[in-house]
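Would you mind keeping the following structure in view while I ask a few things?
Chain IDs A, B, C, D and E follow the sequence of writing; residue 1 opens each chain.
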Amino acid sequence: MFDADRTETLLDVNNIEVIYNHVILVLKGVSLTVPKGGITALLGGNGAGKTTTLKAISNLLASERGEVTKGTITYRGERVAGQNPASLVRKGIIQVMEGRHCFEHLTVEENLLTGAYTRRDGSAAIRRDLEMVYDYFPRLRERRKSQAGYTSGGEQQMVAMGRALMSRPEMILLDEPSMGLAPQLVEQIFEIVKAVNEGEGVTFLLAEQNTNVALRYAHQGYILENGRVVMDGPAMQLRENPDVKEFYLGMSDEGRKSFRDVRSYRRRKRWLA
Amino acid sequence: MMQAHEGYVTDDGRQIGGTVMELKNITLRFGGVVAIKDISFDIRQGEIRAIIGPNGAGKSSMLNVISGFYNPQEGEVWFKGYRRGPMKPYQVARLGIARTFQNIALFDGMSVLDNIMTGRLNKMKAGFLSQAMWWGAAEREENENREAVEKIIDFLEIQNIRKTPVGRLPYGLKKRVELARALAAEPQLLLLDEPMAGMNVEEKEDMSRFILDVNDEFGTTICLIEHDMGVVMDLSDRVVVMDYGRKIGDGTPDQVRSNQDVIDAYLGVAHD
Amino acid sequence: MIYREAGDFKTSYRDDSQTFPIRLDRWGYYAILAVAFGIIPFVINDYWANAVLVPFLIYAIAALGLNILTGYAGQVSLGTGGFMAVGAYAVYKLMTAFPDVSILIHILLAGGITAAVGVLFGLPSLRIKGFYLAVATLAAQFFLVWLFNKVPWFYNYSASGQITAPERTVLGHAVTGPATSAPAKYLVCLVMAFLLAWLARNLTRGMLGRKWMAIRDMDIAAEIIGVDPLRAKLSAFAVSSFFIGIAGALLFAVYLGAAEVGEAFGINKSFLVLFMIIIGGLGSIFGSFAGAAFMVLMPVLLKNVLVGTLNWPTDLAAHIELMIVGALIVTFLIVEPHGLARLWRLTKEKLRLWPFPH
Amino acid sequence: MDQVIFGAEVFLNGLMTGVMYSLVALGFVLIFKASGVFNYAQGVLALFAALTLVGIQDGQVPFAHLINAAFGTSLHHFGWTVPSILAIALTVLVMVLLAFLIEKLVLQHLVGQEPIILFMATIGLAYFLEGLGDVMWGADIKTLDVGLPQGISDGIETLTAGWFGYGFFIDRLDIWATVIAALLVAALVAFSQYTKQGRAMRAVADDHQAALSVGISLRFIWVMVWSIAGFVALVAGIMWGTKSGVQFSLSLIALKALPVLMLGGFTSIPGAIVGGLIIGVGEKMFEFLIGPMVGGATETWFAYVLALVFLVFRPQGLFGERIIERV
Amino acid sequence: DLVVPNLSYRTGPYGANGTQYADGFNDYFTLLNERDGGIGGEKIQVPECETAYNTEKGVECYEATKDTGALVYNPLSTGITYQLIPKVAEDKKVLYTPGYGRTSAKNGKVFEWIFNAPANYWDGASVAIKHLLDENGGSLEGKKIALVYHNSAYGKEPIRTLQELADKHGFTLTEVPVEAPGQEQGSQWLQIRRERPDYVIMYGWGVMNQVAIQEAANIRFPMENLIGIWWAGSEIDVQPAGAAADGYKAVTFNGVGQDYPLYDDLQQYVIEPGKASQGGEHVGSAVYSRGMYAAVVIAEAIRKAQELAGTSDITPEQLREGFENLDITEERLAEIGLPDFGPPIQLSCSNHGGSGMARIQQWDAEAGQWNLITEFTEPDQEVVQPLIEEDSQAYATEAGITPRDC
């Protein structure tokens, strides 16, 4: 079993602040550490800043007119700031973006192959991994020749995941992998995450709304709210926390609530008090 | 005319009326891909109807057929007792069908308020000159509709972002604005394509409440696609299950949940 | 906090939808109007009128027009020059055919005729999108220029195909023809620009404007929520061409006085106006004016600095001017892709927070 | 009967002219494919390349005019001439350098912007390059000669004279252009469809962000594509410059390429050729058949109208990628 | 000081030609300043303003210079000229447009402020036809002549004259328009190849000239049967075609080459001291010479005006008088150092266009120079003059001008 305390830190985010457009302050000092070989979940509501955090790590903020104005991010002890995203991929850190972002006009297979863009280990190895991805996602094998723009939402999510796997990364930043996926597929995706994590030792940092699943598969979690980390700890511990239970898992003291019975009255979250 | 269905009464005592929309033997193809294969089902007045199914099953395509974006190669679409011929989407909208989209389709360059106001465009009839002069009908209508929109804004609790350009909003709020836009049209039939994707439980609870309230207060018929089984089972009155373009189940949540085909194709082992 | 909106509450929807909801903005606007109408006409001379202010106002009108089409309705057009030519030739024919009717009516009619032509060339926009449409509008550009060059009826059978504006008066003052005084030229253009800007503002803040923007931002979604794309796009083409036609009419009749179609309304015009709206800001009325001011003033300014002050040879200055204009455009786009209007708004946002950074 | 033979000649010449247009259109397609940028500067790029080529060939001192104005010197030429082949190679180097600078100074800062913004940036670039070309090499008309033959092809003339009693006119330069264009297209198609860089190039065109996220270096792709486009521009510049001398107007051939682009599809390399042929033949035949009735000089607009008509039926051009419309 | 603005264009599609013209224009005034201390003791200022052949920039240049005491404008652009025609009448400035602009401005009764001596577009067309008449023993009966023209105001000018001349001399005229800029003229020249006209007259400008000459060579059209107007008669027009352009002809109203005494002075006072415009690169070229010639005429008019007004610091009105009384005789030209460089010019209140005489030059590709092959020839005033009357009359009616009595 993975033990966060005993492995080295792969990624260290230290008190970062992110501003969009020079005016909108989105992250107000976020710190987190990702241990090597683990699955770390980044949880939090809409607009909490999960995506922003991930983009700050993979240096994709520039193209959105955002910038890290404070704090540092180090990957394997090396500062990320100033490196371009491509070299980060080459160093083993790849992001699966929120909202899929497939290359619409490329076929599914071409999409997957672009994932191997930075690889230098020859086409045979790439073909092998392609087969591996197809084994993980058989649906993609069926649709390998269709243009990605015409595949369904779920299929596009698979393409995006598969594409990241194709780069043989050391660490994957996964942004909302479960969004829009059918339940059994969500499970399947997380199973794949787990398999890849255990089988290939890939480290995951995943932003997820589906707290329930995320906390089942993750080793540790951070809860982000309003640009700040409000809670963190081992996944198991978080799942037992009453607030997390109520607000993120939808359970009350009597067990699962029905969505029909939700009232507009709500308790205030304790950490806001 | 199609035959009128009797309504029914739900467990929690709501009266469901006759058939509003009926789809008969719909088949939709894209080149070689058959997205929908000979599917029929109906939606009744006042009910919450869910469509579920694995990814790529053809659910969104089905919604697109209903909202007139795709014209099926085969089959008939009946709405409020009339067979609907091939129509442009904007004509369908005028019949009283509004929807939200799976991949949010808001107008990014406009403010939240303007986005929601677009929902009311079929309610505004001021002539060109009146608009150009900002005089008479144009101004009056603008203010009247603004009032209606403000009610929706209050209802969905998005007052504080009224003037924000939607491009800057986080995902969940965008979904809410999209719902607001659809509601602004005061539709008879509201189509929701994965309204809760990308939300956490708290937000799903909010969204559920909105959907229920819309259904309750305005009597709006709702047809929704959703992958969160908790939500689907809790909210909907009847559920259609699709797989590979075919219908594999149709009935109350309980019936569907226990249907072996559905379990195999979609639900998998139940997790709670 | 120099610039503030706090304490400026609105109690009705009507107040809330006014053009300048913030008091400070409103005052600034009135001040500008007062200067434009009350002071400039009395101090303006030929150089300022002909080299700076009149072209600025006319191009601002054209930019408003193109901005409605491109900035608000999202249909990129490179046919502006051709449509301006329609306005110019329409006003010329009207002026010479009905010398007794007021020139102002002719100018408006010219706008109307251009609107009709615009609608005609707007028809393909239903099927053709994005850059394909942009290039397709070049068909209008080239065809119209060819037509006015080829058919002698348009230039009243003059030997060379040039058209020259005869003198016409408004309230006893010449506004076209060589005897026109600088203030007269300026005032005609100013009144037109002012009225049209007001019109543009009204159209864009109401439902028509929302339909246009909806089509621009996501045409499929717009159609599904009930926008008839044909009518929305064509109305944008019509309104836009109306503006552009008036700009063309003014350019010919009031500003230049004489024109040859290929020279005055060539493809460069189309690009120039497009520059204006992009530098100024797509989908912004203020931006149309700012862009026009920038593109009219900058070359004049550069020329005066390089040749007038630094005494460089004119050709070197002209070449370097090209380089500077090019570099400035690129720099602008890099600094703020959404144009001067956005820059202005960001500045205001910062001022609002000032002196606190966030 | 004569009309038919003349018509055939016009047709053939139309084909040839079309190829000349395609040469320019190719540059547009490449850049559009790789970055979704509609590169208005392509025409100026051709001018700049041709100017540079002649300048190097003739041993002109770059920026002579500026230097002379600043220091009162009177530099013009180094006094040597460079053989064509070497000059072409050097020009290619200059174009690569230019591509690098463009990426560094312009494109890099515009990642993820809307297409129209990028389009405008290329117009700015066009202005800049035009001024730069003038300042660097002077604005006078230069004769370009890399040894390509010009003028009527006697072989074809005598051959057809034998067949029809009327010798066809085919320009030898056009024949060369056709051969070169065919080679270019074959090479470029192979590159974009079957190589890793080609695939990456298309990926970048679809989604800058996603391309970045999988580790494709936009910088590298753009420098590469702009270099290739610079090379294509050089070829076009040589062909057109041989015809008319190298001068400002060379940059205006871009306008001839646009309808070709539209008709063939912005994203299709073969489309550029086919579009060129259709446009070339179409406008020449129209001028031949209808032109006399309407007073001639129809070529400026006819190509556009023709392309427009095609587009109404195929909004993405003949071979362009389908515009994906989904909700 | 005397201010003679130079509205030049050194950029844009016609920059290559404009540069040479502007150089010639500047250099002559520099020479007068350097050698003679100006005209009549007044220095001449030639502020230059770049128009890029663009009408709006032209207007800007005009407005920017007109209050600096400018006497006369010479914008070298038909478009800008049309722009300025009404304006100069209002502002009382002289507009001198030798060989371009509005042809009917020759009629001084209507166009008080415009002068276009020594020759205009219609004169040019007529002189070209005269030359052909001479070559054909006085008759063009049954000949086919094609006019290849820049499809703009400028290019369309000669059509009416040529039509009249065709009627008179019994040749057929085919009109072949070329749309600006004229990069591609394949169909035009194919048409010419098919129709085999005996002669082609060309009214081109800019890149159109180079391409036309190249295409003519391509279809092996005999170069000596291709005659350009003076704006299609510069070195840069023929050089790109190389040896193939040998024998090409063009009409001109100014001398060619540097075989005139004036060039010695130019060398001594302007070029050697490094005062030449643009380093004197284009001295002696056809277009340079034309720019210089324009300056010569203006200088002579100034001299005349000074003489009439009895003051050296003249006003535009006085310059206008100078122009109307201008009399440049052969002797005067020789005195200036340009014997036989242009036709004698004698203007009057009604005649602002001179005699219209022009001559033919021919390109010698091997020597790389133009040779004058005819003497100055009078155009067919019988044909041209009525057209001028008609057109100027039309303008007068349109603009509400009552022609002067003179």
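What we mean here is this: contacts are C-beta pairs under 8 Å (C-beta built on N, C-alpha and C of every residue); 3 or more make two chains touch, one makes a residue touch a chain.
Keep in mind the model is a prediction, meaning the values are calculated, not measured.
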{"item": "Graph separation of subunit B and subunit C (steps between touching chains)", "value": "1"}
{"item": "Interface with more contacting C-beta pairs, comparing D-E to C-D", "value": "C-D"}
{"item": "Inter-chain centre distance, subunit A versus subunit E - centres from mean C-alpha coordinates, in Å", "value": "74"}
{"item": "Inter-centroid spacing, subunit B versus subunit A (mean Cα positions, whole Å)", "value": "29"}
{"item": "Rounded Å distance between subunit A and subunit D, as computed from the means of their C-alpha atoms", "value": "44"}
{"item": "Length of the line joining the C-alpha centres of subunit C and subunit E, rounded to whole Å", "value": "37"}
{"item": "Contacts with two or more other chains, residues of subunit E listed in rising order", "value": "10-11, 15, 19, 151, 179, 278"}
{"item": "Set of subunit D residues in contact with two or more other chains", "value": "65, 134, 139, 295, 297, 300, 326-327"}
{"item": "Interface hub residues of subunit A, defined as touching at least two other chains", "value": "150"}
{"item": "Interface residues, subunit A side, partner subunit B - complex", "value": "20, 24, 43-48, 98-99, 139, 146, 150-155, 157, 176, 179-187, 209-212, 247-250, 256-260, 262, 264"}
{"item": "Of all residues in subunit C, those that touch subunit B in their complex", "value": "12-14, 16-17, 199, 202-203, 205-208, 210-211, 213-214, 216-218, 220-229, 235, 283"}
{"item": "Subunit D contact footprint on subunit E (complex, rising order)", "value": "10-13, 15-16, 19, 151, 175-179, 181-184, 186-187, 190-191, 193-194, 206-207, 210-211, 214, 217-220, 236, 239-240, 242, 244, 274, 278-279, 281"}
{"item": "Subunit E contact footprint on subunit D (complex, rising order)", "value": "6, 9-10, 13-14, 16-17, 20, 65, 68, 72, 74, 76, 134, 139-141, 143-145, 150-152, 169, 171, 240, 243-245, 247-250, 252-253, 256, 283-284, 287-288, 291, 295-297, 299-300"}
{"item": "Of subunit D, residues touching subunit A in the complex", "value": "111-112, 196, 199-200, 202-203, 205-220, 267, 321, 324, 326"}
